[in-house]
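Per-chain numbering from 1; labels A, B, C and D assigned in written order.
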Amino acid sequence: MAKQNKIIITAAVTGATHTPSLSPYFPSTPDQIIEDAVKAHKAGAAVVHVHARDPKDCSPTPDLGVMKEIVTSIKQQCNAVVCVTTGGAVWMSSEQRLAPAVDLQPELASCNAGSVNFVFADLAAKLENPKYDWEIPYLKRTNELVFTNTFTGLEYYLNTMNEHEIRPEFEVYDVGMINNIAYFMKKGLVQKPVYLQFVMGILGGIPATVDNLVYLVKTAREQIGDFVWSCAAAGKAQFPLVTAALTMGGNARVGLEDNLYLKPGVLAKSSAEQVLQIKEIAERLGLEIASSDEARQILDLKGIDKVNY
Amino acid sequence: MAKQNKIIITAAVTGATHTPSLSPYFPSTPDQIIEDAVKAHKAGAAVVHVHARDPKDCSPTPDLGVMKEIVTSIKQQCNAVVCVTTGGAVWMSSEQRLAPAVDLQPELASCNAGSVNFVFADLAAKLENPKYDWEIPYLKRTNELVFTNTFTGLEYYLNTMNEHEIRPEFEVYDVGMINNIAYFMKKGLVQKPVYLQFVMGILGGIPATVDNLVYLVKTAREQIGDFVWSCAAAGKAQFPLVTAALTMGGNARVGLEDNLYLKPGVLAKSSAEQVLQIKEIAERLGLEIASSDEARQILDLKGIDKVNY
Amino acid sequence: MAKQNKIIITAAVTGATHTPSLSPYFPSTPDQIIEDAVKAHKAGAAVVHVHARDPKDCSPTPDLGVMKEIVTSIKQQCNAVVCVTTGGAVWMSSEQRLAPAVDLQPELASCNAGSVNFVFADLAAKLENPKYDWEIPYLKRTNELVFTNTFTGLEYYLNTMNEHEIRPEFEVYDVGMINNIAYFMKKGLVQKPVYLQFVMGILGGIPATVDNLVYLVKTAREQIGDFVWSCAAAGKAQFPLVTAALTMGGNARVGLEDNLYLKPGVLAKSSAEQVLQIKEIAERLGLEIASSDEARQILDLKGIDKVNY
Amino acid sequence: MAKQNKIIITAAVTGATHTPSLSPYFPSTPDQIIEDAVKAHKAGAAVVHVHARDPKDCSPTPDLGVMKEIVTSIKQQCNAVVCVTTGGAVWMSSEQRLAPAVDLQPELASCNAGSVNFVFADLAAKLENPKYDWEIPYLKRTNELVFTNTFTGLEYYLNTMNEHEIRPEFEVYDVGMINNIAYFMKKGLVQKPVYLQFVMGILGGIPATVDNLVYLVKTAREQIGDFVWSCAAAGKAQFPLVTAALTMGGNARVGLEDNLYLKPGVLAKSSAEQVLQIKEIAERLGLEIASSDEARQILDLKGIDKVNY
């Protein structure tokens, strides 16, 4: 695997896990999401990863118009690569989750590499006076759900992304999912460079330990061959794990989707703060930060001029 | 972890993966299942793991009567510990899958430790003239399904098994599932001894390699502490992996549920043949085979007198 | 790494670790060594690995004449590939250890890939009435020695073996030694196919566990690329570890150099008995045994007609 | 393993590997060593690890007077824990290497946990106009040497350290050495807390990769149980590896003994600069830095009032 010279920082600014009342700094309206994405890019994130939220109640939404508003505004304000989620939220249908990619044809979209329990019900205990009624039931309901990504679904996602020249960013939640990707590679549905995002520490998936990260990377080396990879980790494991990734030749995803804190006990005021912090660590490790255009080269993206927004 | 003196051989005689036309020796009717289970026990299997099949078309069935017939007949003929599946088949509902355990209150029942794609659609290509119309669609449909085991479901299964003193045999398909078990241990829902069955090589789960087996065992040692474990592996990886488990202090599951062959190119005429073969390997490794009563001790089972059949 | 079709069994019949009084079956005179090597070959060992012993007191000897007598007689009686030790005994000089390879120019010779404590002093406690005075001091002295293989020495060994077309069988005692081999590969001193013998369970080296074996193999895959490998393990770990190697695509070394037992509590009457036992395991794993000529192909040896004895 | 709240930074300011002409900032005279040690302590190093150098030609020296001068002066100027080397230089005798510990009875002394090739001959190529005649031959000679630490020697070192209440800091160069320590633990020669320094990337020892670090730590967890550990890595691997150690709950050793650079292409002006850099990384990981007195507590040292200098 050729050594990468510059590292890509991805900022995942919102996601579909956290609810607004978990942090006063959490961006929940489309405007907040846009603002935070742009700030994160300016702080050093070559890529911003976005989910849509309902402008009224700030809950995750499959509304295509909202997603379009978000990515369009980001495009107008900065040069960031936008990675559009196809994970949506755990309760959305497969079609709902894929729709933004079909509609907007972004440069990069997430692609979840298999099924897994995706439980964050224990966050409910942290909400004493939630602003919205939906928050606690939303969190608790994850006990009853599976994040469903069937092989038929994956095949459909990959064909669609290939058709629109969207690079899939494979979200890998456990070891077996690497084999799923290898399976679709053998079927000719995955084009190089393969881009893996190891998403660690989701309850149901592989825990966020350096041991596990090393094992994922070694397994991918044996099953995928050459690939580009990044690491995201839930909660307080975020900085240790993402930093460990940097020491291993990987890229870094930070952002309030994964972790609300900057340090133990200190809430991050924005994803940009986390971007800055990982950038400072990277620099002390002798690493340089990729610009968005450098990220486009590393990931061989089609370019911002070819998106449909 | 105290070293175990005798090894438990489990025979999984039928399962819900293979279809009758894949091998002329595959036990598909209740009578065949019973016969094969008893033979496997006589060949050395302390435990027989059973699923029910429809007496007419030999498809996996949630019919309680059939399961009862099977376990009752086995009990009449031999002293084997019967492990009743709660995996059922991938398409069954959670309630259907748990029903046999509730009804029969066996000593041991499988308990699937999380959700995973469970794909065996590629077997359809091996069927040229299937005896039954359901076989090919049944296999292909696994592309569209997820083997669903939510946290709410797991909690319900564990409470039910605890209530009836049924020891859960945790089927572990990937690394994250060990953490799921640890999570329920912390909640007080899992009693010692913890019994793990690493089921490897299912498409969607962790591939069947010795590397992965070692990693599962090491992870469990760190997350679970003391436990008893066994290994099952799909297809031609069965004997290499199960043998590797024996060299590592684990127990062995064989049987036609997992693999139809005895050696490359040679179909097994019964699960008993596979039991015999792993027994011969075990003996050459200096290991002794546990009787069913010794398995009852190792797994601390309630005893055959306390089952409800 | 292309999958190997047939497995090479090596019988290490004597070595320089065990002393005659540790087992009545231990071959210690040149005649016994010859006889046991030939028997082991007939039982299925494609390769026999030999050390010389003094005809009078049965202690390890650097005497060239004795080694010549052994390999010549084996050649007259059978087609076995002979792997001549260059490890000699821990106390011998580097020149003494290399001399048999220079003199006899065998097809295959061991080549120790680095330095390590090589302690077997605790065997002394098993000798109540040793036949020879040298035995107990010989064993105890290993506390004070290092098995010395400097980089200058390794370079000299490799140059000499290359000159005489002797394939080195790298004895690897710990993880770092794989890097030593990679270092000499980069210097152009190691020709393909690279042949690694993982020698596990020597006190001072890496312990004999399946975890460690997997780690050695994975590390070699990353550092060496393609290679042929085998496993040897000291004492009671012999059969578990060598069997695990077979399940992982490796080859097998057995023999009384490594372990005096056939099963717990049962002394092996010869290395041939151990060869037979691992052969029986291999067959049950669906593996075929390589003949000596097949081993010559796999290891790309120069042929028995080109040796100097 | 109880999680450690504060991390210990060790500064290894000189060592016996680098020669003066490799960097204009390398501290080679006793005065420079003292000054750099004190500066490193002030920058955040709770522990300073020292070797002696000849005041005239700056070569590693076994001279007891020089070592005494160094540690005495450090004690007068600051509160740092001093870890006195017993590794000395590779060519010194076992007695020469242990002498400073016997004479000075420090709180902490290094204890090399086995034998290994310790080659840094390739550094010679970096010296175009060395200031001293000894430098190039000194470096090249490491091809011919083994860093010798026999079991008899280790037993003697441990007994001596126990007698003088010196905590051994075990320098671990490969996986097997962890087993050596476990062996002496069973013999009752090692007192808790066990303190391991994983020294990675020495040619001859285990390479400096995060994979290997994880493997060392996991192995130690299985063989040693509870322990305190730190990581040092040679050359450009220093910051990635030491940072990875921090993400895994380990402590950090930096300093010019291990690496002459601060970043790729940028020579460190002192070990203090490296201490500062790892401290800045640690803080961004949410970690606090242990003071020398806190390090004394973590390592359960006898205290500076009980040393013999």
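We adopt the following convention: a residue touches a chain if its C-beta (ideal position, glycine included) is under 8 Å from a C-beta of that chain, and two chains touch if they have at least 3 such contacts.
As the structure is a computational prediction, the values presented were derived from the model and not from experiment.
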| field | Rotation angle superposing chain C onto its copy chain D by C-alpha atoms, nearest 5 degrees | value | 180
| Looking at where chain A touches chain B, is over half of the residue numbers used by both copies, so same, or under half, so different? | same
| field | Chain whose mean Cα position lies farthest from chain A | value | C
| Between chain A and chain B, what's the gap in Å when you average each chain's C-alpha atoms? | 36
| query | Roughly how far is chain A from chain C, going centre to centre by Cα mean, in whole Å? | reply | 51
| field | Residues of chain A engaged with two or more neighbouring chains | value | 211, 218
| query | Which residues of chain A touch chain C in their complex? | reply | 218, 221-222
| query | What residues of chain C sit close enough to touch chain B in their complex? | reply | 210-211, 214, 218, 236, 239-241, 243-244, 246-248, 263-264, 277, 280-281, 284-286
| request: Over in the complex, which chain D residues touch chain C? Could you list them? | output: 114-117, 119, 121, 142-146, 148-153, 155, 173-176, 179-180, 183, 202-207, 211-212, 215, 219, 223
